[in-house]
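Dropping the structures in below, format is structure tokens.
Here come two complexes built around subunit A, the first alongside subunit B, the second alongside subunit C.
For the complex of A and B:
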């Protein structure tokens, strides 16, 4: 049932049978995903379906209860510590995280740093780039997302849409293998949503590998080449966005679409 | 008024040297205290119960007993132990100046540790996640995000602690140190003019407080620009 838009490209990310339990509540009941280079996967689902948790399990912001994650073929090694699953080697996790840039719903820019420093910090302190090179790269990325006039400002001086574009620049500057977007437009005023979506469409067109948890049906249909619909911790529907949105395989996804299009 | 002039002409330099000693005690204690406060705060937040237990015990002891008791315990108490008297540090540790500094540093670090701890807890969770998500190690996350953020969140509360520390240094006079309170007591008993003498001391303490407030305002303007801009 897995359909891949880029069957010939190398596998960028492989997620196998991820389970996640909070207390007694099983949020994820075994979710798998294979993303090839240049894939844009839209992950849809109503709130509580586990879509954000799934994304956060990929870069271990949440520790999966079980399951495996491979980035560019390298598996994140897990172990059991004090009866709980835990990463075996934090150094490996940090290295893999640097290849999986994440863009958050609430932007999460570092408030005490200028816009430029926000984009420079990870490059210098994680990738070990020299300050000069990192600054040049940061300026290039900020220009790309259209906020190059704000380099010396602080995040609190920017609008939500501008902050989110800076967050995207911060992610891009790390030259990630895969970009994870966790509802990037959900915290934005309606008139600011488009400026962020436009940047994301641009990234999709230039072939970035992206996993996008979103409520933006238009983006899912037009920019994504795969769609995953989660419901109660399981993949309920999956396929080419245009096809599956026109002819849902599952009743639940049909209802979801009817509800969203109202 | 004549009395005031007399006191100042006779004891003016004593007030100057006393004030200078007070400034030294406050500055050194505040700097060493805040440096010690960071490990205290990290210890309090440690998931390791042994580490957090030690940090909590330290913090409770120094916040739970009077500063004067701590000064006496260190000044009169250290010499009771042979291993202290025999150690090469004894020539330093028997100095009242050093004992007072140790007491002030340990005391202010206990209070500042709580301020730093609350600052660390106030750093938005999302900013820490963003640091982890881009691959920063735990240490780098502390260095680049958590501590600088906590520092600026703490600054206003910390200025309060330094002002309290300033007043606390007056207790050093009880172990022979001739700081501002020490010289004032000397001048008061020599002149039998306690009101005028202690009024002078009070004004100087007040001016020092103004200076501390001013310094912290400058620090806030520098390090909390990002917050000030938002308003």
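For the complex of A and C:
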């Protein structure tokens, strides 16, 4: 994974000129991204750079003010409702969201469900799999992330690192086209970060398509094949992580790397 | 005491009516309370404002007055609308309408607070995985709001069991009225009002036990709540 991307692989996700304004504040000023199958894109930026908002615009947890999102070639259709941009067809959005499994900073496991049910629920209620099949899949995914001994527990009984690994299993069980990680290790105690990063590195190696908003420079350098640096709502730098981290094209990214831009 | 065994079937028939009214009140009240809560949480002021106005009105006037309004006022209004006249609201119907409207008004506040207690991330995770609004409501919000709502709803239930006694005044043959009748004919008011008290107390104790079990069940998975 040293070259820039998988030029020959099919396009998994195409994001075009995303703008997002909150009130009068323009958080995203036109961001585009094309991810091919098996790409691992690290999205870096200081707080307030818009990196999380960008990720949340892709699955429409935030509605972009303008711009296009295509998943596997299918464009999310937008319209204007009461003067505001809005999805034209929520059924389409729900279907596309199920292909863009998200891993949240605060894990957001469903508190009233067991670990197993957390991984089963989306498969059954969204994908329409039968309970038996979904349970088998859930058990397989929980084993993969190393928490298969906790299936009957509730999220509140697990450590943060274990909860985040369950959240990753929940995402994997959906057989997503692209996985969206929103600062997956930022809420974890330092000693728990590595167990989550290890799982994520494993996913990168097996060719999962991932967009990862992160502060983990080591992960960006070693596991990602592309890097995108956002600053004040714009892409300030991008390229192969190792090259661009060694020789930043932009002054801002240089400052960010030396830690002077926090 | 001989009178008690003699009048026991009468009292039990009254108890049955009391329970039937209380349970129907809870069912209708829960549905009404849920609808009112959803209206209050709606972004549209056309839904939320009338819901708040209705709730505040119902909570602001005495239960007894609501009952009289529906029983006597309802008969008057219905007869005014129907040309043939002669229509009468039954005591049970009036009691059910009055008590469930009151139950619903209070329950809507319990539900509203419970909905707001569900962290945003729980709902967002549902939406991000492709759950529709309805599926998020059904599989994520509803199971989580019970934990918060059950203690409050339990109190409302206990209250409406006792409020059924008011309906005896407009002629419902409930436990209260039967106890009154028995005490008048036998001239043993203490005995029969005491027996009626014990029966109300029994309902309360059984309810408390059921509510505690429901609460435990709904709290599974929440830290410090098992």
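Here is the rule we use: the second predicted complex is superposed on the first by the 255 of 262 C-alpha atoms of A that agree within 3 Å, B and C clash if a C-alpha of one lies under 4 Å from a C-alpha of the other, contacts with A are read in each partner's own complex, and residues count from 1 in each chain.
The working rule: a contact is a pair of C-beta atoms (placed from the backbone, for glycine too) under 8 Å apart; a residue touches a chain by one contact, two chains touch by 3 or more.
Just so it is clear, the structure is predicted and the values come from calculations on it, not from any experiment.
Clashing of subunit B with subunit C is the outcome of superposition onto subunit A. Applying the stated contact rule after C-alpha superposition, one finds that A:75 touches neither subunit B nor subunit C.
When the shared chain is aligned, no partner comes close enough to touch A:255: not subunit B, not subunit C.
By the touch criterion defined above, A:125 lies against subunit B and subunit C together after alignment on the C-alpha atoms of chain A.
When both complexes are overlaid on chain A, the residue A:32 reaches neither subunit B nor subunit C.
In the superposition on chain A, A:109 makes contact with both subunit B and subunit C.
Contacts of A:98 after superposition on the shared chain: both subunit B and subunit C are touched.
Of the two partner chains, neither subunit B nor subunit C is touched by A:47. Using the contact criterion defined above for the overlaid structures, shared-chain residue A:154 touches subunit B and also reaches subunit C.
Overlap of the subunit B and subunit C interfaces on subunit A comprises residues 59, 61, 90-91, 94-98, 100-102, 104, 106, 108-113, 121-122, 125-126, 154-157, 170, 174.
Listed in rising order, the residues of subunit B touching subunit A in the complex are 124, 126-127, 129-138, 140, 144-145, 148-149, 152, 223, 225-227, 229-230.
On the side of subunit A, the complex with subunit B involves touching residues 59, 61, 90-91, 94-102, 104, 106-113, 121-122, 125-126, 153-157, 167, 170-171, 174, 180. Remark: subunit C residues 121-122, 124-133, 135, 139-140, 143-144, 147, 218, 220-223 touch subunit A in the complex.
Across the complex, subunit A meets subunit C through its residues 59, 61, 90-91, 94-98, 100-102, 104, 106, 108-114, 121-122, 125-127, 154-157, 170, 174.
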